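In the two assemblies presented below, subunit A is common to both, partnered first by subunit B and then by subunit C.
The block that comes next holds the complex of A and B.
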């Protein structure tokens, strides 16, 4: 593992950076309860479409403050939602502030967050949405849902694809024919419509946990077929390799050969493939949420954050910072692609 | 069959009787091996010599029952320590592979899984008691002249010679009674070839397995073999003892002639297309190429044994075969 990291670093600094970026991001979403300044459904009713809060070091009289601070804001123009800073009082940025109690993953309770400011001022790194909710906090919480959907989804399709592709390729014959026809049936449908029709098979008024599981199921059901076909192709060629014959001559069973020799030799491709396919799951979830079929408000997911922000073009002209959320998600997805591309080379033993 | 009192093993460890192998090719069947008969005893180095395409590898793979799918064993018996392995199921066969019989292949780089360290390879080949594992692995490495530290290394980090030593260690680790080496030195340079050969010979003398050494190099076979089988187009045309007898078959003589005269131009060449399209021919296999053919040769020639150990597939056999 350490060797792999080292190789990745030597191969491409950029991809190495991507890896750390993604790890940090996953970590941040995981601990959103501590890191986010506000709970995802906390509303500042008097601050909808608030631009990103300015963080100051100098007050209005030109004094320097070592601790950064913000001003409270008041509505300037209620129609166009412009805000004006109220310079009468400064609200210093505080670390490990005490606030409303939240549960970290339903178990541990915490009432301290990494940073925040006293009410009624607010700190909105990416601004607020139409309900006056902090978009940055929602992105962190939403990442928890979107990233876990993609990870679980990828894991399920990867396992399904690996098992079916591996068995089909290795044993061949009638097993191969049956499995591949099944895969082809799945693959002839355009995946977007397949996703919609699968979703349409279930009622709209599901609980949020049911919707979550349903989305995971739908996305992995769509994703595994392509992977299975590719894995089958790879297994077909790997099983003819001399080292497979040698493994057989040692008296290893079919399962051991499949598990310990054939599958690992597909990894340089399949790990790359799944890394690159992660964005597909995130976008799939976003597409469902955008159409109102995915994660429902007030729960945040990247899909419904996008739909409530940049989904509305009219608002975008007046509140361009809403684009930040889109750019943020875009950057995460780009990093998956960069990492996947580099892994292709790093995992190939011929490059070691 | 008699038991040797010293080891309690059957004396004839590997015995092949009337083995015929076909390749099924779109409803047509092409003969690959035809009526192979020989036995290899404990401590013997039986060298199988033939040009490429003569069926040596197919014979080796028949013995461990790992022929490609299109190949069919049409007839015959293969006895390993007295047991006919063609009658047993795949699971019992797996217990024989690697334990009672192990095989060393031609190109070690291709036969080691690139993703796994040498240590993993050795552990995978080990079938014995887990308690002895570490000890026996380093013992096997020591025996083939490798350092124990090599276990952490990946195959591509080794030289061809080292890789082949690893293969030999893997073959050796379960103390099999039969070792097949299929052109183990063809991918190696001259000096490394020497080292590997003497290593194999040392192993034979120490553990006395039945060794089937496959090579296209008759000169090498003459040097190390206790007996030599000459293969031509899927047939064993002659079995003789180097140093004791001169080979008799016209094909063996041509092969030997190319060594003695250091003449690289081989007189015979297998006309591959012809071989493929032909059904089992109704004349002697060597008929087309033979300088000494007669009218009598236009029939299927049986393998004629001089004694239990040597013989020739030629009608003029038996005359003048002593040195």
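The block that comes next holds the complex of A and C.
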């Protein structure tokens, strides 16, 4: 692993940077409970579609403050949602503020957040949505859902693909034929249509945890077919190697050969394939949630933060900062693509 | 050539049967008794239920239902949409036309942009220009289609440059065909450009790799050695051969295009198959879902077939073997 990282660094600085960047992203959404200034469903009832809060160093009389501060805002025009800063009092930005207790993944409790300001002022780095909820906090919490769905989805479809591809390639014959026909039939459908049709099999109103599991299930069901086909191809060539013959003549069982001698040899390809296929899952989840078929309110995901902008030009015009969720998706995808490409080059035996 | 096409067509048959079976199973495993639900719905007339009951055998065993459904499919009868009260076939026909127009338009645009740029970048491999284009290609690949569509919609809502939503804004009866066509193209432009932007990066990268691979083969070296002019080497010898694998891509791209097109259609308000299937899922219009699923799968198979035929047509090596 360490050698791999070193080679990656030597091959492409950019991809190495991407790796760290992605780790930071995952870290940030994992610890959203500490990093986010507000809980994802905390509403500022009087501040819907609030633009990103300006952070000041100079107050209205021109005095410099070493600690940055914000002003409270009041509604200027309730119809067009414009806000005016109230210059009478400053609210300094505080770090490690105390607030309502939150649970970090059901185990630890915390009542300190990384930063915040005193009520009634609010700090909205990326503005607020129609309920006056802080987009920045929702993006962090949403990342937890979007990114975890993609990781679990990849893991499941990879295991499925590995098992079916391995069995088909190793045993060959009629097993191979049936499994591969099945895979081909699944691959005939354009994934978006298949995804929606599979979603249509279930009622529209499910509980949040059910929807979460359903999305994971749908995405991995769609994703495993392509992986199975490629793994099968690799197993087909690996099983002709001499060391497999040696293992066979030593009397190892088929399963042991598959598990200990064939699968480890697909490892380098697997890492690349996982990296390259994660974006597909992120897009899949975002697309479903965007269309209102995925994660439901009040839970945030990168898709459903965007969903209020669809088909509603006014919302989009009033609150373009909602599009930041799209930028989050884009940034994560481009880093995955950069990393995947570099890994493919690094792990390709031709380039050693 | 003829034999190849016939062989490919024959291979399609089990594929289509498997496909229809999967679609059927998906719909059958939907929760609730479907037929009873239909009877409860006051919006569906008793005549519709009666005609669907006889033609689809809705109260007979599942296997019988499947074969009846398959028989109807061969006659292109997909049943009646519950939400629209018209045959699914009519709905799909109208929407399919729009989706195909969108797909062809964006395909054409992205090839026109990607292929020349890829040739230049491939010829000048490693230069600043090449690196710049590769970076742009990365951006294009990583852009989710819905995000680009939203950005376009936002931009257009600010500037009002182009019409958005629907296929036409001229509703006069006496509007000339040319005017209607112009209007249609104007509406097509936004979703078409979105799709083009999303697809062009992948095409560019594939084409560039093909070009470089072909450019480094011995027969190009031989062409140089014979003193063939630079333009002739690039366009006649390299490009011609580098394009061949792209025809396979053309077929496969239909699938990714359909996926991207669906979301783009929904966001840009283009009445195509994507928005149809979404409406169908939201209103639990199962026969419409099933019809769209089968048709989209069929389009993908058809795309692959066309790709295979094209490559056989352009590449004698494949035609002969």
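Convention: the second predicted complex is superposed on the first by the 324 of 352 C-alpha atoms of A that agree within 3 Å, B and C clash if a C-alpha of one lies under 4 Å from a C-alpha of the other, contacts with A are read in each partner's own complex, and residues count from 1 in each chain.
Simple rule for what comes next: a residue touches a chain if its C-beta (ideal position, glycine included) is under 8 Å from a C-beta of that chain, and two chains touch if they have at least 3 such contacts.
Not measured: the values here are computed from a predicted model.
Judged by the touch definition given at the top, the superposed model places A:264 against subunit B, while subunit C stays out of reach.
Of the two partners subunit B and subunit C, it is C that touches the larger number of subunit A residues. When the two complexes are overlaid on their common chain A, residue A:200 makes contact with subunit C while staying clear of subunit B. Shared-chain residue A:236: touches no atom of subunit B or subunit C. In the superposed pair of complexes, A:250 makes contact with subunit B only, with no contact to subunit C. In the superposition on chain A, A:189 makes contact with subunit C only, while subunit B stays out of contact range.
In the superposition on chain A, contact is made by A:290 with subunit C only, not with subunit B.
Subunit A residues in contact with subunit B (one complex) as well as with subunit C (other complex) do not exist.
By the touch criterion stated above, subunit A contacts subunit B in their complex at residues 241-243, 245-253, 260-261, 264-265, 349-350, 352. Only residues 14-15, 18-19, 21-23, 26-27, 29-31, 138-139, 141-144, 146-147, 150-151, 153-154, 157-158, 255-256, 258-259, 262-263, 266-267, 269, 273-274, 277-278, 280-282, 284, 286, 289-290, 292-293, 296-297, 299-301 of subunit C touch subunit A when the two sit together in their complex.
Every residue of subunit A that touches subunit C in the complex is listed here, in rising order: 181-182, 184-186, 188-194, 196-204, 279, 283, 286-287, 290-293, 306, 309-311, 313, 316-317, 320, 323, 326-327, 329-330, 333-334, 336-338. For subunit B in complex with subunit A, the residues that touch the partner chain are 64, 66, 94-99, 102-103, 105, 107, 110-116, 124-125, 127, 154, 156, 167, 170.
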